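Pasting the structures here.
Next come two complexes, and both contain subunit A; in the first it sits with subunit B, in the second with subunit C.
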Partner chain A sequence: MLLIKCPYCGERSELEFSYGGQAHIVRPLIPSDITDEALTEYLYHRDNIKGVQAERWRHLHGCGRFFNAVRDTTTDHFQATYKIGEAQPASGAKSDG
Partner chain B sequence: MADISEAPHTERYIFRGGEKACAEADMAFGMNLPREACHAKVTGERAALWLGPDEWLLLGNGFNVQLTALPYSQVDVSHRQIGIQLKGNHAADMLNIGCPLDLDDAIFTTGMCTRTVFGKAEIILWRQDVQTFHIEVWRSFGDYVRGLLAIAQKEYM
Partner chain C sequence: MRLYSGFALLKAGFNGQKNWQSLWRSPEPKPAYDAIIIGAGGHGLGAAYYLAKQHGIRNIAVLEKGWVGGGNTGRNTTIIRSNYLFNESAALYDHAVKLWENLSQTLNYNVMFSQRGVMMLAHNVHDVQVFKRHVHANRCNGVDNEWLSAEQAKVFCPPLNISANMRYPILGAALQRRGGTARHDAVAWGYARAADDLGVDIIENCEVIGIRRDATGAVEAVETSRGLIRTKKLGVSASGHTSVVLGMAGVRLPLESYPLQALVSEPVKPVFPCVVMSNTIHAYISQSDKGELVIGAGTDAYTSYTQRGGLHISSHTLEAICELFPMFRRMRMLRNWGGIVDVTPDRSPIIAKTPVPGLYVNCGWGTGGFKATPGAAHLLAWTMAKDEPHTINAPYTIERFRDGYLIDEAAAAAVAH
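Showing the complex of A and B:
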């Protein structure tokens, strides 16, 4: 069973978590001031990287909190998890699987 | 084999609030809310269970007080969920039939609590003693959880 480390509760089974999409997407301060293309980019366009990407996850059946994770999408290996608001930790492009 | 029984009815609240509201709540409730992750605190007949960094489940009477430190929220969930007590040999093994937590008493020690899953139901699990667990579950899932525990019980007859 895959264990995911919640920054608040520690290592827990993947059954307790839900995926929350790409991380570090900044909401425009005044959406009406930006162009349609920029708003489309903000609302709909996501990276969908094959490899290491930063994602939001939620400890849904635990503390209920959102947090960020760096995960390799090819191996499903979690390289790091960290609280919302913290900077993304530096990581190598290659995962140890 | 552990016995499955209904826990005595009690008032229940979900309390959510930041540092300021918590500090005032500590005074108003006459007990400190546990700040350590996944730990419960018992004072007399009342208990406060840590659910999240700003969320607690309060069990017992005397929590129904108004605070001035806004914002905070306190929701009466007395009738939303029921308490099930599991007490006796193999209580942890019976839970592990549907719960992925490591329930070794050196890992999930006495006094720890957390929200987790049991089969398809979300539960709040609280270890009151090495062989005693308190389960809080939404009442519509009550029959399902009791049924699954009864199946687990047969394993250890």
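Showing the complex of A and C:
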């Protein structure tokens, strides 16, 4: 089981969190103004990266707040967690193992 | 290819079972092929076989970064059924079940397809309503599926605990008698042997690291760990790694890759006659012919390429198994492992042309594509050979998400095994 560091509460067990998928996907301000392709991209297409990716998490059974994380999907190692609205921290090596 | 038979086995017995041929050659890659398939799982090997057998294309290679059947084909719990809700799904999965029924004869290789029945348990009113709806929808589509009371379910599967004071009592079950299991490795090996016999080059330890396109944008070659190989027809059947491979050609997909786990127990004498699935409490169980209980767990909650999975996921499944079958409480688990499954938003697969000319994809089978192996293989081969889909896979495009024609088995079943 993973330990995940909530930016508000500190390290807690993975079971307290829920996963929210790829981070920094911006909701179109006026969906009716964009093309079907752009809406498909927003709704369905995902980077699904093998390596380091930014993703959304929620400390569901804790403070309940959303935050972002940078995780390596080849090791599940969390490189950083950061608050919503903060910029994605520069990640180190592509993979740590 | 030397044919297998009872007589051949007997004859080889006089020589101490020596001198059996290896099932496929290990050729060096040629500089060019008429068609290349990426991924030597059951789907990719089967597609190569059908391309050679039914479409007359003989100069084919299957490129595999690891070994034949080392992906999800060799990691799955082998549940086969076709009682899906929607018309498109019933057509697709039943196409596969019909091919399974003759596959051992077709390939001259015993894939140990065993129609021992797949029983899905209903634990609450919602389950009962959903399963009855499935039974009726399946009947309209000519797919067998029947409703059993809890007592009838117990008769079909005697180890089942149907007492009323369980945490998740059993209110009934849906049974597909034509469903069952097959031997996972045998499917990959059988297709590999038959494809090799038709001249297909199966190239293991050959990872595709790039896809080259010509000035018109069409596929012209793949870059691999064993050099550049040219082709104008490229089929991708890379399951959990499909996003990575199609990313090499700039194609975006509605996929996310998750670890899915399974476990086997120590082998015991035959105790378990069928396959039992519980979507509600996430447990799937059958007994292999070797005697191991084969148990399927759920996916992790987050995407990953680690090919393992959280221990709490498998322990949760074992708790459910122990409650459903109290006699298994003292069984010891022998091994557990994970595979990376490619999941679409509607939990239905994609078998289609891509926006790149000459590039075809078979993916999105997620947690439940083993059952479809012969069908998916046949349809991918058809689509590659004719450059257009078969009527069965015509709805399974990438564009269905843009166009709003989802085949929403996710909403219909919540879990898709």
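In this text, the second predicted complex is superposed on the first by the 93 of 97 C-alpha atoms of A that agree within 3 Å, B and C clash if a C-alpha of one lies under 4 Å from a C-alpha of the other, contacts with A are read in each partner's own complex, and residues count from 1 in each chain.
Assume contacts are C-beta pairs under 8 Å (C-beta built on N, C-alpha and C of every residue); 3 or more make two chains touch, one makes a residue touch a chain.
Since the structure is predicted, the reported quantities are computational estimates derived from the model, not experimental observations.
Of the two partner chains, subunit B and subunit C are each touched by A:1. Contact comparison for subunit A: of subunit B and subunit C, C touches the greater number of residues. By the touch criterion stated above, A:15 is placed in contact with subunit B and with subunit C alike. By the touch criterion stated above, A:37 is placed in contact with subunit C alone, subunit B being left untouched. Once the two complexes are overlaid on the shared chain, A:76 sits against subunit C while remaining clear of subunit B.
Touch criterion met: A:62 reaches subunit B, while subunit C stays clear of it. Shared interface residues of subunit A, touching subunit B in one complex and subunit C in the other, are 1, 15.
Subunit B makes touch with subunit A in their complex at residues 37-38, 51-53, 55, 100-101, 114-117, 122. By the touch criterion given at the top, residues 1, 8-10, 12-13, 15-16, 61-65 of subunit A touch subunit B in their complex.
Those residues of subunit C whose C-beta lies close enough to touch subunit A in the complex are 241, 243-244, 252-257, 301-306, 310-312, 345, 401-403. Against subunit C, in their complex, subunit A makes its touches with residues 1-2, 14-15, 18-19, 21, 36-37, 39-41, 43-48, 50, 55, 71, 73-76.
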